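First chain written, first letter: the chains are A, B, C, D, E and F, and each begins at residue 1.
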Amino acid sequence: MQKRLTGRIAPDRIRLMMTPRPPDGAVERLLALGDPTGVVSDAMDELGIAAGAISASVLKPTIPGTTMVGPALTVRNVLQRADPLEGARNGVNRMGEFEAHNLACPGDVLVIQGVPNMSNMGGISALTGKRQGEAGAIVWGGIRDIAHSRVVGYPLWSSEISPVTGKWRLETVEINGSVQIGGVRIEPGDLVVADDTGVCFIPRGRILDVLELVEKKAKAEEIRCKAIVGGAPVAEISRSDYGE
Amino acid sequence: MQKRLTGRIAPDRIRLMMTPRPPDGAVERLLALGDPTGVVSDAMDELGIAAGAISASVLKPTIPGTTMVGPALTVRNVLQRADPLEGARNGVNRMGEFEAHNLACPGDVLVIQGVPNMSNMGGISALTGKRQGEAGAIVWGGIRDIAHSRVVGYPLWSSEISPVTGKWRLETVEINGSVQIGGVRIEPGDLVVADDTGVCFIPRGRILDVLELVEKKAKAEEIRCKAIVGGAPVAEISRSDYGE
Amino acid sequence: MQKRLTGRIAPDRIRLMMTPRPPDGAVERLLALGDPTGVVSDAMDELGIAAGAISASVLKPTIPGTTMVGPALTVRNVLQRADPLEGARNGVNRMGEFEAHNLACPGDVLVIQGVPNMSNMGGISALTGKRQGEAGAIVWGGIRDIAHSRVVGYPLWSSEISPVTGKWRLETVEINGSVQIGGVRIEPGDLVVADDTGVCFIPRGRILDVLELVEKKAKAEEIRCKAIVGGAPVAEISRSDYGE
Amino acid sequence: MQKRLTGRIAPDRIRLMMTPRPPDGAVERLLALGDPTGVVSDAMDELGIAAGAISASVLKPTIPGTTMVGPALTVRNVLQRADPLEGARNGVNRMGEFEAHNLACPGDVLVIQGVPNMSNMGGISALTGKRQGEAGAIVWGGIRDIAHSRVVGYPLWSSEISPVTGKWRLETVEINGSVQIGGVRIEPGDLVVADDTGVCFIPRGRILDVLELVEKKAKAEEIRCKAIVGGAPVAEISRSDYGE
Amino acid sequence: MQKRLTGRIAPDRIRLMMTPRPPDGAVERLLALGDPTGVVSDAMDELGIAAGAISASVLKPTIPGTTMVGPALTVRNVLQRADPLEGARNGVNRMGEFEAHNLACPGDVLVIQGVPNMSNMGGISALTGKRQGEAGAIVWGGIRDIAHSRVVGYPLWSSEISPVTGKWRLETVEINGSVQIGGVRIEPGDLVVADDTGVCFIPRGRILDVLELVEKKAKAEEIRCKAIVGGAPVAEISRSDYGE
Amino acid sequence: MQKRLTGRIAPDRIRLMMTPRPPDGAVERLLALGDPTGVVSDAMDELGIAAGAISASVLKPTIPGTTMVGPALTVRNVLQRADPLEGARNGVNRMGEFEAHNLACPGDVLVIQGVPNMSNMGGISALTGKRQGEAGAIVWGGIRDIAHSRVVGYPLWSSEISPVTGKWRLETVEINGSVQIGGVRIEPGDLVVADDTGVCFIPRGRILDVLELVEKKAKAEEIRCKAIVGGAPVAEISRSDYGE
């Protein structure tokens, strides 16, 4: 079936109509770990996978206590060069993240390389993403209508909040191409793992390697936690390989 | 009736004894909209009203989930040039926001162009503001006793928090003059609209224009939200003028 | 009794095996005041004690609403100079805050001069600290596993959050030496007082002086709060020495 | 004649093989004005051309005292996601500004939307640009070998300096597409005007309009300068339209 | 004689028509010391004069190698709230530093608390200041036409450079009132001392005290320099009071 | 022969009385290369030596055009906790970089992990360093008396400039221990290489490895430069291994 496009972005700027799917069960297994970004970052370190984590001091969650896992559906926005007050009078909206909602499969995570000092996603957009079954979004740049997206239950991690619309200030120029956010380059289908500590991006081709090591490390951590609660001496539980 | 002044600031530095009142019903109508800063910013854009919004990344709310609307009662603080430890020994307090509390009418919002790296409003002051019937305060600079002002139910949006008093470090030099905060110039009586996304300042002379357009836009948004929930295709609901 | 050390740091780099204890009752009396950093900072100002407070805008609490008081058990971390991916492959962990947990007495507060852009304390470490009876920790630099430390009930004030481990990126070089954090120099045994407004460090030799003045000021504040609620005119309650 | 490409970037990512030329004489007329960015910015303001200037506090010149004017030949670099130490061992260089040198016409200005914390152009590259007859370059991100490019006489305005190569850290993904630098969006062929005060970007379609107004304003300024030196009263020479 | 005002600012906003003069000979004696900001800051420290110095990393000199000394003629600018493109069309210029030039006595230093991200003083203004015999200017905010003011020989220390005019973006609201710049409060007549290391502001009432101590310290430094060049052992010349 | 110490720091805090010497000829060979930080950084990349370079945007040179090479003699300063105005009255100077000058061998480079917002080295100190035959200094934190150190010909790379003395504000706590500066950890005897592009720190054990590769690369660069000047096509000279 052919999806009707929104027209917000030229069709040749949509690099993939569908975000590559993660391996079966990968999302569920990561969600089962609770707040996994620390152990995911460790596994990427040990497997030699570079530069894949961003701090929650930089990408702040709108709904603390949430863990989100899903494949990246990427969006790249750039500045318009125009007087925004004139743009507002003329009403020509160039924001294209609705096209991404349009293309989204259930479980996708929108990853928006946006523009600072303005909103790259508002409440109507969050509601639309929720209805489409998206897991949530990561936004480099501002977002708005925070209370609305919280009520809807659509979690966002963003670098900023701003009441000012991007409608006449930015332009969406690519969907499902490469994006870069906070020192990390992300490709469509990379697996996004986000919690209160930050966001990790697992390269698509390494998801299962990382997942296996993560589960092994999580088991060792569980053993160690029990030992701590059970009163084992610090000199023992502090060994790096305790429980492995 | 003549109010007794506090003496914290010379009477000739109080530009207006009473903050200009907003049009009847304007505060209530804006409060009825939920979290309105996004749509207020859009209406100002479309009406050609420049530079009127500040991000909640910059002015952070102490009581998330609150919406506050009210006319600006302005206060301008500047640094003292003095050794603060000597100032503390001598005990000469030059903070004058109590004079603003003294002059406040119910519903006023204190808008303080304060001094960074110190507190421009503490818990006792918040309690006083609450008793005077103020809606809350916007503070450029630090505030303190956060837990106290939360308990009291006096909401603040501030650029900083600091335990260090401004009593011997700053001086209040003007009440109900012009202030500038985060790239916005504000006059007494401008209407402050604040929520989790940020703060908008509507120029006093444009309050009804903005309000009318805001209500029209809020209605269109409601229609669009229903369509989204009802399953309308993304290509349809993403039209800019949907519901208008 | 001799404690078995963890081996994470050379024994000659532990300057004191036990953190100096605060005067009897000091911790409890400060905790009784609610959120005391504002009044503690004021007392230090008036007693001529310099540079002892850090804003909660800089050291952000992980568990808002908590007040923490206890003597500083200090830890100093520095960068390693090594390729972290190679470090991860080799698995040589140089983080030594576990040695501090090992030495901690109930009520101690870990004060870590850490390294930015990485985690200086994770969830396992927080759980260990909790079991050892520590009051919590202050960390200059990143921390991780925020959700875990919240569940455990171990409060932290940190300048950053980061999923990226410090294990192969930093090295603990000193325990219970001097540290400097956010413009304040802290010695082991200085009394840490932390709440939603920030963190104060009372020099060990001045704890009782500060405490006495703090209690006197807290009483005056209580009187003033009652007067405010009771309807006293602003011109009266705004006198600096009201209630003293 | 067909130019042989360098192979540093896929041919379909070169949007234009030749940068659009500015109107005849425009470059020379702007250079004749001395240090023109102030008056160019004023002319764009008065003609309603938005957001076209960047401060020399942000884009710092390597050769103070130089004025540079020429059409923008644009380059967009993005981060690689790779371990740079492994990249260096493997020696796969993805920097593509040499392709831009290859395509450059005499008088072109390279405008590079680069990557921070690394070099996007070094001394060999500057020498190559000089030989190709380029006027110089504007770089968002680091540059290196400053002493070399100064000796060669190839002026750069950059946001950073860094000894660390981009060869294994970045990838050039587009030539002669849109770029955004410091809050300004630039298209190939926009006219770059740079001096010690900053950089202006005149949209390609407005070059003659701006130039005409600039020359008119420059004449009025000359008249005013003579009046100042000649002793005219301040109250007279400070009239906005003096000399017009 | 009555000076004709420029009309750029209401006469009642000019707090003093003439900047208070420094003690006879004070300017010349400070200039004779070479680059005196370090020793001036030391003297203020020892005399208990708080917060009087700003780093040249913050206020950067346009003409390195210059020492400037003179009494502060203060100017305070604030943002306009207006669309600057509309302002430019209408041509209503609200910058008032020309009024300060108009009032300046030979040797005065303009100290402008300006607005960031725009120019608060351009080349025509610098030329006017030079003709009026001013020593130069200190500007918090941007300045432009750097090459012009260098040729004219009018030195500036500013926090920024920007090609973008303040004419339609700011408004001068006070002359010879208090200003605050980079954490220092300055009154008209305070003595400005600036060199490549930074800027000191000596309170008007303490100029002679500071000067005397400065000259005493400069003599001791000279003795010490001779001893160093003469080969005295480091252990000797490093005594704090060497030469005093 | 035993050097007489200055007493500014306890003898047991001097980890090495003499900085380890670099291999014979290494300094001269690096100086012969002109401005070598780019090629040194490349060689460290290729040899797998991590995190060894700092940008000249961060550590700014006081004497542009200078290349400096020499072994690191390290100094670590920390904040005092004291009222600086009281410190100045009492005159107890705790700055200890004079002890480093005392211990310096000709050619040493002082590398100071200093304290921000104050001076960690002044003109008298620079003169002393020059007389001792030091190559210059790298300072994390402020320096002052810039004009003096320029006249003396003692080059510094510092993160800041400040007129405010560190004498009563900081304390030197270690000489020839580890220091960390701008994300790099440095040991005494590491080879410092500094020019207009930045500063590289070559670990002491890798100096000859780096040097050899640097010289090989410099030769290839020379060949390439000749080819460029000689008119070789860009597609040829842009090959990564051209001239190797």
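Throughout what follows, a residue touches a chain if its C-beta (ideal position, glycine included) is under 8 Å from a C-beta of that chain, and two chains touch if they have at least 3 such contacts.
In this text the structure is predicted, and so the values were computed from the model without any measurement.
**Student:** Compare the CA centroid of subunit C with every other chain's and tell me the farthest one.
**Tutor:** Farthest chain from subunit C, going by C-alpha centroids: D.
**Student:** Which chain pair shares more contacting C-beta pairs: B-E, or B-C?
**Tutor:** Output for the comparison: B-C.
**Student:** Rotation angle for the CA superposition of subunit A on subunit F, to the nearest 5°?
**Tutor:** C-alpha superposition angle, subunit A on subunit F: 180 degrees.
**Student:** Are the interface residues of subunit D and subunit E largely the same numbers on each copy, more than half shared, or largely different?
**Tutor:** different
**Student:** With chain centres taken as the means of their Cα atoms, state the distance from subunit C to subunit F in Å.
**Tutor:** 34
**Student:** Could you work out how far the Cα centre of subunit A sits from that of subunit C, in whole Å?
**Tutor:** So the centroids are 33 Å from each other.
**Student:** Would you kindly tell me how far, in whole Å, the mean C-alpha position of subunit F lies from that of subunit B?
**Tutor:** 49
**Student:** Which residues of subunit F are in contact with two or more other chains?
**Tutor:** 48, 50, 83-85
**Student:** Can you list the residues on subunit A that touch subunit C in the complex?
**Tutor:** 34-35, 37-38, 40-42, 45-46, 48, 50, 53, 55-57, 65, 195-200, 221, 224-225, 228-229, 231, 233-235, 237-238, 240-241
**Student:** Can you tell me which positions in subunit C touch subunit A when the two form their complex?
**Tutor:** Contacts found on subunit C: 4-8, 84-85, 88-89, 91, 93, 98-99, 101-102, 117, 119, 122-124, 127-128, 131-132, 142, 144-148, 160-165, 167-168.
**Student:** Where on subunit D is subunit A touching in the complex?
**Tutor:** Interface residues on the subunit D side: 48, 50-52, 78-84, 86, 173, 178, 180, 183-186, 203.
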